[in-house]
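Each structure below is given as structure tokens.
There are two complexes below, and they share chain A, which is joined by chain B in the first and by chain C in the second.
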Partner chain A sequence: MTRERVRHDLVELLKDAREDWDHSVTVTDNTGIFNELGFESIDAVGLSSALEGHFEQALPFPEFMSKAKEQNLKDITVGQLLDFLMQNLESSAERKVA
Partner chain B sequence: MPKVLVNGIQVHYQKRGANGPDVVLIHGITSNLAMWYNGLLNGFVSEFHITAYDLRGHGLTDITPTGYTSENLAADLRALLDVLGLDKVIIVGHSFGGTVGLHFALDNPERVRGLVMMDSGVACLRYLRIIQDWWGWEGRPSDMKEKGLSLDKFLTLDSQQDVTEVIRHGLSVPRRAGFKKGQTGLTPRQQKLLDETRLGYEFRDVAGLTEERLKTVKTPVMALYGETSPYSKMAAHLAKIMPNTCHEVIEATGHFYAIHKPTMAVEKILPFLRDPEGFVRQRKSESEAVEVLAGELREK
Partner chain C sequence: MKPQVIIFGLDGATFTVLDDLVARGIMPNLGKFQCEGVRGHLMSTTPPLTPLAWSSLVTGRTPGQHGVLGFMQYANANSTSVQLVSSRQFTAETLWSIVNRQGKRAGSLNFVAHQPAPKIDGWVVPGWVSWRWMKRLSHPAGIIEQLKQELPGFDVKKLAIDFEEERKSVVGAPMDDYRSWIGLHIERERQWFEVLRHMMRKDPAELIGIVFDGVDKLQHLLWYYLDPRLTPEQPESEYLRIRDMAWDYFRTVDELLGETLDLYGDKSTILICSDHGFTATREVVYINSFLEKMGYLNWKPETEMVDDGSQELESGVYRHVGFDPSRTKAYALTASSNGIFINVKGRRDETGIPPQEYDAFRRELIEALLTKCVDPETGEPLISRVSTREEAFWGPNMHNAPDLTLELRDFGFVSVRRTNAIHAKRPTILGTHHPEGILIGRGPGIRSDASIDPVWLADIAPTVLYAMGLQIPADLQGRVIEELFTEEHLARHDLSMGGATEAAVAVAVPAGVPDEDTEIIEKMKALGYLE
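Showing the complex of A and B:
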């Protein structure tokens, strides 16, 4: 799956995850999901389930989140989410959602 | 996202980890299951099959006007375990989540192999809590004062059964860490929870969890509390009156060590999860030996 295709699907799932999505927002790879898109951590967990359902495989999202917190990141950008997906969609095709 | 119908509401849950023993994680009031995504969950997944869920009214689980006593939430837990087919579990609960776990263990001893109470308060033992030690107060006098809340006023509000306004004040101050550092901690969901439900009143209800009843807990319990927790005295008392309970301390941290010190928490909790009964037995025999030694030294 191409990065562009995954990016398209990711943005659609981001929109679905927020009931009050602001359609005037332009999402770029630098857009922060917490501070710009208004996500809370629980929304990110919900997004991870949506991603797993959409791509039909388990993703190491708890590890991704805890690493971001350990690194004291101020936000998680769409680009970072995309990198995470490209890395794991390629490497864990055999893993299935529990 | 995974949800199941439990006692008439949709409950959000997440499952992770190995084909090991089942462990259920329960967050505290106004929190949600995302609190475990800070390294705690990762610390357990290689050996245990983890189920974390959002309590009624919290996270992505439905909100109802009532149903927030430890008894109500323990009934939700039983129904959730039934629906998910989890027969016997170890429960790890933070703050009020541990109280829910304790209530569940009393109501359903056959379903619980062990319980970790992570800095949990129990309503019937409130007389043992020292609110002045509350880290949130200790570290936040200026934040609170800005919002017109002096310590005296705080203590007055806190002494009432309905602590909705205390919770609202606590959440309204700027967050000290995380992705939204500096922003108010009061999210629209939490606002709704405080405005439209009796949570702030009901979670303080003894709800049948009396001191006499606590003495009958058979489940192995690890009472794991922060060194500077306002519940330290309560933890020591729980270990004294509950027959199968050991009191463990996490040094140099307070009520929210689960959030701020996940690695230390995992290190303390893992040996208990591997053998709850053996762990408590060993710790109790160690502390008895220390007491005997101390007695002998006193006599000399």
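Showing the complex of A and C:
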């Protein structure tokens, strides 16, 4: 799956979750999902489940969020989420356990 | 088409409350329903906790077999990462899937551990999901948009769990807020029911499951007002006012049952089930502080000490970060599971006791919990039962479960906070889970005005399959509750056993817990399970 395709799916997924989505907003890789797109921290778990549901595979989302915390990131950007997805959509099949 | 079977779930319902409400005429439909059917206690899981228990009901299996071990659980048996409950944790096939394989459709509404929704032949709107993600986490795609367009009054924000509103339930809402808080639950139950009614018109299914979870939430907060055994001889007007408001909620549930009977009562088998029962809790046991006093646990210096008597059962430091694993042999991870993990070297990391000392240490720990964790005033044990994981969680997921599961003498949840004391009395009586839930069945072939001995949650799935005339997978742990049915019905309808279930695949995600999970966990405390 190409980065552009994943990017498209991710943005659509974020839009879906926001009834009041401002369609004039241009989403770039530098757009922050909490500060700029208005998600709340409580949405992180829902986002995790939604990503896994959409891509139909497990993702180490808690690990991703923990690393963000260790790095004292004040927000997570669309680009960082994309990097995470591109890295793990290829490898997550190996994480499955019976 | 009318459903063949409806599982009418009342989360936490107990005969202690329902019998009183029926006697007072507050739940006339329920009174009539049980006169026309069969009732008995439905025994819960160990521990009697919502995710484990409903998952046992929909799989016909114990938690060690189905894989849902709590609101939070380790990602796997070798991980220090904690995950929130989700459908990914199922390692057993659900009832919805089993009936699908036999050509029947299913609809599932408001069940915990159903997000992301399994892609069944039918529809799933999961519980415990915030409204923003309901659209993405429901099945089939587009169902929430369809409901918005077609169902007058549908509001996904009212349907979904609202963590902020729920938080009020435990922080002690001002009196004037009680009505709106109870009203919110009344509105939620109506929304769920309208979804059921609409989906049955638009996209009917032979098996329906719906959970009304306000029963549990009201009972956690308002047990003092709902348990007739606790009613003061001369109740004050404030007491009566709050009780009347709580009764309004149960009137609504009864109305929904009445509407269900009007719609489907002539043809459908309806099973009113709870995941666990309820009782009063009057004290708090600070279990990690007990383990510290016994020399089994050492806190990190920075871990916050809370006042003795704190009613808060968990904080953001409930897990390993709160104590020093290198100097800890045993710890309670979360309040809701009432579980104690033994820190064994090589299991999750390189800290803990050597594996060869496990059996002896576990025996020592059980003895200490049962005899030394005592009421400081009376000397009586605070813990009435300790189950090993072989007893509580036997199965492929056992190694990811707590080593020991505690039942407190008042059935309360333990606190995992750091305190000086190990015990405190609660300033007010609250509600807590009890193993004895309810089952009331009514429908074709079911006896009238009868009662049965206790059965258990895992019996519901095979009983549903029998009532639908379907094959019962041979590897279910529960049994068909034959005593629900008339002899004539049993004579005409043989039990048909089938092959094994298809295993679900649990997917473990490695690594740590994000702050965001922790925040949700904090908010989930408001729901009473975690406090």
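As a convention for this text, the second predicted complex is superposed on the first by the 93 of 98 C-alpha atoms of A that agree within 3 Å, B and C clash if a C-alpha of one lies under 4 Å from a C-alpha of the other, contacts with A are read in each partner's own complex, and residues count from 1 in each chain.
One rule holds for everything that comes next: contacts are C-beta pairs under 8 Å (C-beta built on N, C-alpha and C of every residue); 3 or more make two chains touch, one makes a residue touch a chain.
These numbers were taken from a predicted model, which means no experiment stands behind them.
**Student:** Do chain B and chain C fit side by side on chain A in the superposed arrangement, or is it a clash?
**Tutor:** They clash.
**Student:** Which holds for A:L85: it touches chain B only (first), chain C only (second), both, or neither?
**Tutor:** A:L85 contacts neither chain B nor chain C.
**Student:** Using the touch definition from the top, say if A:M65 reaches chain B (first), chain C (second), both or neither.
**Tutor:** A:M65 contacts both chain B and chain C.
**Student:** Chain A residues in contact: does chain B have more, or chain C?
**Tutor:** On the superposition, C touches more of the residues of chain A.
**Student:** Can A:N35 be said to touch chain B (first), chain C (second), both, or neither?
**Tutor:** Touch partner of A:N35: chain B, not chain C.
**Student:** Given the touch rule stated above, what does A:V6 touch, chain B (first), chain C (second), both, or neither?
**Tutor:** neither
**Student:** Is A:K74 touching anything from chain B or chain C once the two structures are fitted on A? First, second, both or neither.
**Tutor:** first
**Student:** Is A:H54 contacted by the first partner chain B, the second partner chain C, both or neither?
**Tutor:** In the superposed model, A:H54 contacts chain C only, not chain B.
**Student:** Between chain B and chain C, whom does A:R18 touch in the aligned arrangement: first, second, both, or neither?
**Tutor:** second
**Student:** Given 41-49, 95-103 or 491-499, which one is the stretch of chain C whose C-alpha atoms run into chain B?
**Tutor:** 41-49
**Student:** Give me the intersection of chain A's contacts with chain B and its contacts with chain C, in residue numbers.
**Tutor:** Residues common to the chain A contacts of chain C and of chain B are 41-42, 44-46, 49-50, 53, 61-63, 65-66, 68-69, 98, listed in rising order.
**Student:** Touching residues of chain B toward chain A in the complex: what are they?
**Tutor:** 1-2, 12, 14-16, 32-39, 41-42, 45, 54, 59-60, 178-181, 187, 189, 262
**Student:** Using the touch definition from the top, list the residues of chain A that touch chain B in their complex.
**Tutor:** It comes out as residues 34-35, 40-42, 44-46, 49-50, 53, 61-63, 65-66, 68-70, 73-76, 98.
**Student:** Using the touch definition from the top, list the residues of chain C that touch chain A in their complex.
**Tutor:** 75-76, 81-84, 86, 88, 115-117, 129-130, 132-133, 135-137, 163, 503, 505-517, 519-520, 523
**Student:** Going by the contact rule set out above, which residues of chain A touch chain C in the complex?
**Tutor:** Against chain C, chain A makes touches at 13, 16-18, 39, 41-47, 49-50, 52-54, 57-66, 68-69, 95-98.
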